[in-house]
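For reference, the structures are reproduced in the following blocks.
Across the two complexes that follow, chain A remains constant while its partner is chain B and subsequently chain C.
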Partner chain A sequence: MEITIKNLKDIKVVKLVGDVDASTAPSVQQQLVPLAELNSKILLDMTQVPYMSSAGLRMLLTLYRQTSAKDGKLVLVGLSEDLQDTMSVTGFLDFFTTGTTLEEGLAVLN
Partner chain B sequence: MERIDIHPTHIHGDFKLRRGKPFPFGATLVPGGVNFSIFSSYATSCILVLFAKHAPQPMAEIPFPEEFRIGNVYCMVVFNLDYENLEYGYRLDGPTNFQEGHWFDNQKILMDPYAKIIGGRDIWGIPPNWDDVYQHRARIAFDDFDWEDDRPLEIPPEDQIIYEMHVRSFTRHPSSGVKEKHEGTFAGIRDKIPYLKELGVNAVELMPIFEFDEFENNRTNPETGEMLLNYWGYSTVGFFAPKAGYAATGRLGMQVDELKALVKELHKNGIEVILDVVFNHTAEGNEYGPTISFRGIDNKTYYMLTPEGYYFNFSGCGNTLNCNNPIVRNMVLDCLRYWAEEYHIDGFRFDLASILGRDPWGFPLANPPLLETLAFDPILAKCKLIAEAWDAGGLYQVGSFPAYGRWAEWNGKYRDAMRKFLKGNGSVGEIAQRLQGSPDLYAWEGREPATSINFITAHDGFTLMDLVSYNWKHNEANGENNNDGSNDNDSWNCGWEGSTEDPGINALRRRQIKNAVAMLMVSQGVPMILMGDEVGRTQYGNNNTYCHDNELNWLDWTLLETNADLFRFFKNCIAFRKAHPVLRNRQHFQNRDYVGSGYADITWHGTQAWNADWSDSSHTLAFMLCGKHAKQGNIVDNYIYVAMNMYWEAHWFEIPGLPEGMKWNVFANTGVTSPEDSWEPGTEPLLENQTGLLLGDRSVVILVGK
Partner chain C sequence: METLIVPGTLDSLGAIGQYVTRATSAAGLDKKAAYKLRLAVDEIATNIITHGYQEAGLEGKLYLYAAIDESILTIFLEDTGIIYNPKQQILPQKEELQKVLDERSMGGLGIYLALGGVDEFHYERVGNRNRNIFVMHRIMV
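The block that comes next holds the complex of A and B.
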């Protein structure tokens, strides 16, 4: 699992590379939770996440809850069709704002 | 402050352990690890067996240290497990003695009876590896679903309109229009919520969704050679786990979330979820069945045994769960509480519920502890409890099921009486009782009309289209020489066995279908319709399709176009019921005027107003409901008049007069072809002649007076 975090003006762009499951989710969470500050804008680029397990999706929801609690915004972009469908039928997708491309995600946050 | 109990005290190989907690039973995520807890009355030792997901052989076997046993419960925390990729089972040692009822065998790996997720049949229909040492594999579930503000809907029982359905059958047909990967799944139902809303039902009753093994059937279809399945799933492998093969995400082990997401979405749309639960037997079958769990853990506790050690078979399925043993009773209670609390389930329908009232030797109990416990349980307090009030051992308790003021019943007598009346037999005296919510069965005990779950068809037996198309069952495809399935169908083929091009017969069949649903929707009590009846689904005369994963069961969505008139009629009848509280009374009729309207709450009529023909040869009956008596006079509704002519000839019906200033309007007349056979409530046209009408042969008219 690789995580890169870049700042684009006031938006934190996080790129995840690799599967997010019970073994990687804790470390991802550890690195992302500190990003959730007051009014923070976070964009998660999932283009290179082939698979997210149940634990991975729970980590995402926790991050969403923590961001919203601080009046921040979280946007997911680049979800594969498969992942999007899994998130949809398990109810996770209902919580998130999503975009197809990075640009779309940035536009939502701006 | 850090808790002291997150620190291991024992070590086994690479695993760090600690004494666990007995409650809750099953495997539970705790800080740093998983708490495993299992009980057995007769075991002498227990080993926890751990597998990596899908692995053929265990990665570890950890004996419970004797000091981790409390009473008959083995409990242990194992730390640092990759719980998402873990499967676990148990080996138990103890006596082996058939006559004594002990089946311990430490060579077998046993599934936890409290398993919340069960792997092994992750994707529907993928043939299992029969050589696998562990067929149905317990896994660990997350219990942190985000329900937001959802909770069970608590729709008043008398306001329910139940749709009995099979998860896979609903959207498996390619015509369903759902995404291919959602076909036949919980996700597929969610995609079709708009359809359920349009139809107007407010409760879905899901045929069994507890994990079962669809491969539990060794028969083949003699016509095609195709392997038959246990398709319906009335054979529980695990009582706490949803059927993985019913989830589009079962392959990812996310069935728990998918089912919860479905329940949440149905609730958002005003639709309750009732589960058909099978506690009368398990998938372990008779003496020759597989050892999956219960048999190897505590055979003598879980099953009713003869003095010789054989299984009693009150279920007709090989064994009988020992429901009034205190331990099993607690398991059933734990299970229902889990579904109510964890999945927000609104109600339960108990398959062959009379078994739940038998003692460990099979005798019916006057005051069955299990039924009483469920009736008074605080967590289940608002859940609907519905009994299939009979069993395969000859106990028939419709009208006498031990109810404690809580239990409703599938009213088999309603079904039988309405079917007979529909085909031109039966007694109008009985029909009058059935239309009123069967006060003859329930009022004497103070049980409300909603005690009566009214239905004409259900999964067992003919579909409504087949009820009017076949005189006899045609179950050859089930591989039992047409010996299975009920012979008492009270069906009538309208003149030809099976499908026909004869326009007269087909017109009569459509009319009979409409007659059936019209009578059902104006009956006091709770109506239940069978999935697909609203579009004329056929099973080609097969009245026991439990074993077919094909078009005998799948709902063909093109019928929605072919039989658009039936769908429209069902929809209007449901809307009519919802629009009129006088059809949904909480209390039984009193047969008198107690609000000073000049009309009794219900009055009976025939071809002559105020004079019903109660004779044995009568096939006509009409009744009027006084709108001022709706909901015991608390709500003012319209007056409703229903006339039923089940003669083969038309009859003139004289109509009772309305209070000054009111007029009769026609809501439905099944004797007229679509679209004039029914109207959207509120748009009903005025009846031309206010004093009488000609009711066609085998027809029902419903008028609304306003």
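The block that comes next holds the complex of A and C.
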């Protein structure tokens, strides 16, 4: 799992590359949760995440709660059809702001 | 296919995923069915590793075996941890899955995804082993 974090003006752009399962989700969570500061804008680019298990849902839930608690915004982009299916059957998808591309996500946050 | 034997630790999930992917390719499953089977095996393996081994203070291995016949692909996943029957775990109900995320508990979500993603799921206790059986149909019926 590779995680890169870049700042584009006031937006924290996080790119994940690799599978998010129970072995990788804890380190992703550990690196992402501190990004949720007061009013922070976080864009999570998951274009290169081919696989995500419920461990990834748990990570997303924690990140969602942290950003909401700090009045921040979280946008997910590039979710594959498979990831969307997993988030949909578990009732997660509707609660997240999502976009297809990075540009779309940035537009939502700007 | 050859049996895959890996340590019962979370580091083995990658190898387990690769094994299931090889099996679904060999069986010619479509992309969606292949993904769901990988997810199902990964979720149950994760539960075995965390509940069946780690939380019980036990160490052991996971044994995977794929069998392909003309109509089905079957994956057998065995371990020597504590008795653990995924079918007896409490699954989230519809009301829970509709709750706003702030009120969610995450319990049972992995097993919910696993059991809901395969065509058939069976559990057996054989000697000192738990045997989880995942079945996917190769031909649409």
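Everything below uses one rule, namely that the second predicted complex is superposed on the first by the 110 of 110 C-alpha atoms of A that agree within 3 Å, B and C clash if a C-alpha of one lies under 4 Å from a C-alpha of the other, contacts with A are read in each partner's own complex, and residues count from 1 in each chain.
FYI, a residue touches a chain if its C-beta (ideal position, glycine included) is under 8 Å from a C-beta of that chain, and two chains touch if they have at least 3 such contacts.
In this text the structure is predicted, and so the values were computed from the model without any measurement.
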When chain B and chain C are modelled together on chain A, clash or fit: clash
First (chain B), second (chain C), both or neither touched by A:19: second
First (chain B), second (chain C), both or neither touched by A:86: both
Partner chain in contact with A:6 - chain B first, chain C second, else both or neither: neither
Winner by number of chain A residues touched, once chain B and chain C are compared: C
Touching partner for A:68 - first (chain B), second (chain C), both, neither: second
Superposed model, chain B segment overlapping chain C, candidates 114-122, 186-194, 528-536 or 546-554: 114-122
Intersection of chain A interface sets (partners chain B, chain C): 21-23, 53-55, 57-58, 61, 85-86, 89-92, 95
Touch list for chain B against partner chain A, complex: 82-85, 142, 144-146, 179, 181-182, 185-187, 190, 247-249, 252-254, 257-258, 260-261, 264-265
Touch list for chain C against partner chain A, complex: 10-11, 13-14, 17, 32, 35, 38-39, 42-43, 46, 49-50, 97-102, 104, 106, 109-110, 112-113, 116
List of chain A residues in touch with chain C within their complex: 19, 21-23, 51, 53-55, 57-58, 61, 64-65, 68, 81-82, 85-86, 89-92, 95
Residues of chain A that touch chain B when the two form their complex: 21-23, 53-55, 57-58, 61, 85-86, 88-92, 95
